[in-house]
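One structure is given below, represented as structure tokens, and several questions about it will come after.
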Amino acid sequence: MGSSGARVGIVIGSSSDASVAHEAVRILEELGIPYEQRVISAHRTPREAAAYAETARERGLSVLIAVAGLSAHLPGVLAAYTTLPVIGVPVDTGPLHGFDALMAMAQMPTGVPVATVGIGNARNAALLAASILAVSDPVIAGRLAAWREKQAERVRQADEELQD
Amino acid sequence: MGSSGARVGIVIGSSSDASVAHEAVRILEELGIPYEQRVISAHRTPREAAAYAETARERGLSVLIAVAGLSAHLPGVLAAYTTLPVIGVPVDTGPLHGFDALMAMAQMPTGVPVATVGIGNARNAALLAASILAVSDPVIAGRLAAWREKQAERVRQADEELQD
Amino acid sequence: MGSSGARVGIVIGSSSDASVAHEAVRILEELGIPYEQRVISAHRTPREAAAYAETARERGLSVLIAVAGLSAHLPGVLAAYTTLPVIGVPVDTGPLHGFDALMAMAQMPTGVPVATVGIGNARNAALLAASILAVSDPVIAGRLAAWREKQAERVRQADEELQD
Amino acid sequence: MGSSGARVGIVIGSSSDASVAHEAVRILEELGIPYEQRVISAHRTPREAAAYAETARERGLSVLIAVAGLSAHLPGVLAAYTTLPVIGVPVDTGPLHGFDALMAMAQMPTGVPVATVGIGNARNAALLAASILAVSDPVIAGRLAAWREKQAERVRQADEELQD
Amino acid sequence: MGSSGARVGIVIGSSSDASVAHEAVRILEELGIPYEQRVISAHRTPREAAAYAETARERGLSVLIAVAGLSAHLPGVLAAYTTLPVIGVPVDTGPLHGFDALMAMAQMPTGVPVATVGIGNARNAALLAASILAVSDPVIAGRLAAWREKQAERVRQADEELQD
Amino acid sequence: MGSSGARVGIVIGSSSDASVAHEAVRILEELGIPYEQRVISAHRTPREAAAYAETARERGLSVLIAVAGLSAHLPGVLAAYTTLPVIGVPVDTGPLHGFDALMAMAQMPTGVPVATVGIGNARNAALLAASILAVSDPVIAGRLAAWREKQAERVRQADEELQD
Amino acid sequence: MGSSGARVGIVIGSSSDASVAHEAVRILEELGIPYEQRVISAHRTPREAAAYAETARERGLSVLIAVAGLSAHLPGVLAAYTTLPVIGVPVDTGPLHGFDALMAMAQMPTGVPVATVGIGNARNAALLAASILAVSDPVIAGRLAAWREKQAERVRQADEELQD
Amino acid sequence: MGSSGARVGIVIGSSSDASVAHEAVRILEELGIPYEQRVISAHRTPREAAAYAETARERGLSVLIAVAGLSAHLPGVLAAYTTLPVIGVPVDTGPLHGFDALMAMAQMPTGVPVATVGIGNARNAALLAASILAVSDPVIAGRLAAWREKQAERVRQADEELQD
């Protein structure tokens, strides 16, 4: 799972978030972007979280995606240990359905940003990671544009079907 | 500021939270409980946060109070590195007035609790710290009971004044 | 159910909260901490609630855990009658899914704190109770540290499985 | 302040809520309804709160109005000790502006109702108390109808002034 | 359904709220309080709503209970046409689960109060209606006290069962 | 104030909302749309509200704008008595800053819609009224298009100024 | 699906919103109002959205209904390109159940209004569209009045059934 | 204002957001990152918004920052026309203090992500833009790391001052 030479690191805090993370994996694979996946908890294995983020750049990673619910500190903890862009995916878990996680991710204090996407929207996290890589990688930029065109086409098809 | 032999460690993430923390300080001083105060940021000085919490018990601390606003990860980060009880005070800062901080503190994942008090209510954090120390310290228990009786007396006086 | 010489008193307001409370019970049993369980309602049996809290310390209890939903006054009512630390577990019950209970517990007025944990997170209440006892009890401190290490180990295993 | 033979008991948890309660007082005086005012705290003087509610009916009171902010347990605590109708006024205090108090009052568990009015709307609490007394008291019913007609007249006057 | 000589009028805005209203009916029947039930919509049959409230007192009603979801104007509309006490039950209907209805009921403007109870809590509406009637009716006061004692007894039994 | 032959009726529930309504007035005057203004309260003068809406169409009105805060029933009450389009402006009044009014307006039950605009945004209510009249009135359509172009021009000017 | 000479254009952002839009279709068909339906995404086919709105008036449309969830920009994007009235239906999709969409639709900036109806309430959008057309079309006005009377009759029937 | 050869495009919807955007400007200038600033409204000048985003990449821009309040569609509209990473800054404007804007930005539908930062936190938007550029630009990476170290140093100084 994942390729060597990973550009994107996807981190989940517990294996219960694996299915959400998998949505990101599928997009990255469609776009041919090498990634790696880890289970590291901001609170239960904080030293591993620190070490992972601290060494991320030197290990060749360019973007981190952190998936977390409830207090959802994981992306913030990673961002505290790296200057790589960190994308946070708040998870719809628990009684507040990810509203708490959205608050806990988006409202990061000045100095250490987290790029927050919609609740449960790991696909958008992957697309955002792709757009970040595409800044300096025309091949990925091309694939991303094609992916976007393909989804536009699907909307157009649905439109035609509705009219028939 | 604070006494040697501190039992309670009060941590704020930036000096802008000092006035909130001071409310806790005043209660601890009234109750004769030695404390120390630190400025350590969960996101800007995460290694110091980890080191502080990791060594807290061996340095004689019994309770940590963490004061933070917005994403408010500080108490959770400390709790990740110690098994001492950690009390979180969400701060009324920013446009959401501490509602975000309350979400980010209270909704900690299973395994690493934070004892959350009301938004901006650092005095209650100090009283909770006192009640925790009072579990094994009858002197503090006595002082806490006296403090509680004194505030009850103030309510009774206000009641009498209103009736006159 | 529960052991004599209880250190922790778990109180629920109605038997419908028993399954939530049971999560706390399981953690306390894992950690070998004697506890007792009661059904006492802040509103339907208020005199019993007052009497329970008033005599809690002398009967040897060190920490109270109150589990309640909706207006969720139970921990506050107990805290009004004792200086023992009181932990509140807001329950995910009713149409607002515990959001109301979180507000009603966390926002206690100055003078009478409640240590609020996440909605439905009775396990964290038990772990917090353990950390409070561990302040003066090295045996419990040791067990708690081991428990925490065990859960860290589970995260590491999940991480390895994901990588395979 | 207040008349002997009080029919309505207005209770505030601290003297900081006196100005809100005064809005109720003014309405009751306009309607000629005898009342009494007390400062009793649900958490700081809980025994007094219990005693006040327990003896309210026999002392001739017919309705209780409880004014409280934050966790706002006061009306619920009174209602636990009496079967008189208890009206709760959530106060706009603290960073959440009474939203927390509204949750804590309105969402009472089944069996012990609190009649909740709008945040800070002590005048409506007094009018509701009057309507309750008016059920069996035609004099108060008449005064209440006249009061309502007077305010309707004020709306009509404002309408005329706007049209001129 | 209901008795002649009704003291309490229960109004629902559509037959989809009948099951909620039925909870109130059961309590009123337990307490021997005569009631009537109507389907009248604040928005779809507004003239009927006005006429119902306008004539309520002369037809012998003493309290109105209005059950409504979403914008939940029904109790406010009734209260605009009568000085009888009007109790509002916000219904858990639609995607916001009654949170909208709670806002729309509780936040009535000054001059025309609605006694709001918890979302979906029609039983508390009936108990509140009973407490209002009990102000001048010792028989109902006695039944209400007995009902409360019975529910307290149930809590005590649950407590005993848990301890065994 | 206003012209005879009014096409738009602006209704406020109390004179305290006059300044908000004035924002709508200014837009209607800019667009040369005749209007009238009234103070009519959904709760304090409900019969006038009913009569106003019932006769609105025959008196030549085409659109109603209702401005209200808190429970904000005014537009819904008007809509119950007319099939003219009713636009609701939730007002930022009271501790919840119009959030309650937004809920109370937008969440109207099926059958009686209210066209809700943003909190306090009476100008958008007037523009929406203009767009409704413009459906069958090319003169107003032309003025509205010109107004929109003028505001676009202002954005372009601000853009140029920023670049200089 | 839909008739030529459409007066109302219903736009959904993805085919997953088709069932919500269908509620509007049914009302428009009951009222004999010609409509058309399209799938156009504000974000995935933005040029189509712009073109659709820009040419809507000249193609004979009088009102647009846009159905969207989450960030729910669709009605705002259409409104930016036309001066026709645009009605927004926030959809109950995703973990926040349309609360996000309600915010994103109702709170449009000054200058470009969206007429927002309740979450998921496409029927009210259709009725609002009908009331807009009815401003200048007495036939539709008559049908709308009849529709409203029919639903009033249904409430009266339900009332009678309940009383039997 | 701004440099030729801009890498980051900062867009505000109205000049009232200029002070928020200026916070981003200051950070970009500290980090020596060339930027440009524009006033373009998603709703009032939508064609300019489309054209700006469509040509952004070819004009050499690498990241867009969009600052907007209320319905806050600006970043989403830009993202619909480009595959460059778009960062959204919800602005604390209007009665809901940016909570509405946060919902409208973060909850973008799948396919077109917006990287949302905290309410009003334009500095974090600039730092996130810098981290994105730093993925392929070691000079910026170095400056960003130095900036982060400088702010850590400030926390350490504040810590020392508090201890003295």
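In order of appearance the chains are A, B, C, D, E, F, G and H, and numbering begins at 1 in each one.
Assume a residue touches a chain if its C-beta (ideal position, glycine included) is under 8 Å from a C-beta of that chain, and two chains touch if they have at least 3 such contacts.
What you see is a predicted model, and the numbers here were worked out from it, not measured in a lab.
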Separation of chain F from chain A in steps, with touching chains one step apart: 2
Labels of chains that are neighbours to chain E and to chain F: D, G
Chain pair equivalent in interface to A-C, over half of contacts matched, among C-D, E-F or B-H: B-H
Whole-Å gap between the CA centroids of chain B and chain D: 35
Chain A and chain D, separation of their C-alpha mean positions in angstrom: 52
Geometric centre distance via CA averages, chain E-chain A, whole Å: 49
In chain E, residues with contacts to at least two other chains: 14, 41, 44, 70-71, 94, 96, 99, 106-109, 111-112, 118-119, 148, 151
Complete list of chain pairs which touch one another: A-B, A-C, A-G, A-H, B-C, B-D, B-H, C-D, C-E, D-E, D-F, E-F, E-G, F-G, F-H, G-H
Of all residues in chain H, those that touch chain G in their complex: 13-14, 41-44, 46-47, 50, 69-73, 76-77, 79-81, 94, 96, 99-101, 103-109, 111-112
Of all residues in chain D, those that touch chain E in their complex: 57, 62-63, 83-85, 87, 102, 106-119, 121, 123-125, 127-128, 131-137, 141, 144-145, 148, 151
Residue numbers on chain A that touch chain G, as the complex places them: 92, 97-99, 118-120, 148, 151-152, 154-156, 158-159, 161-163
Chain A to chain C touching residues, read off their complex: 1, 14-15, 18, 37-41, 44-45, 48, 70-71, 94-97
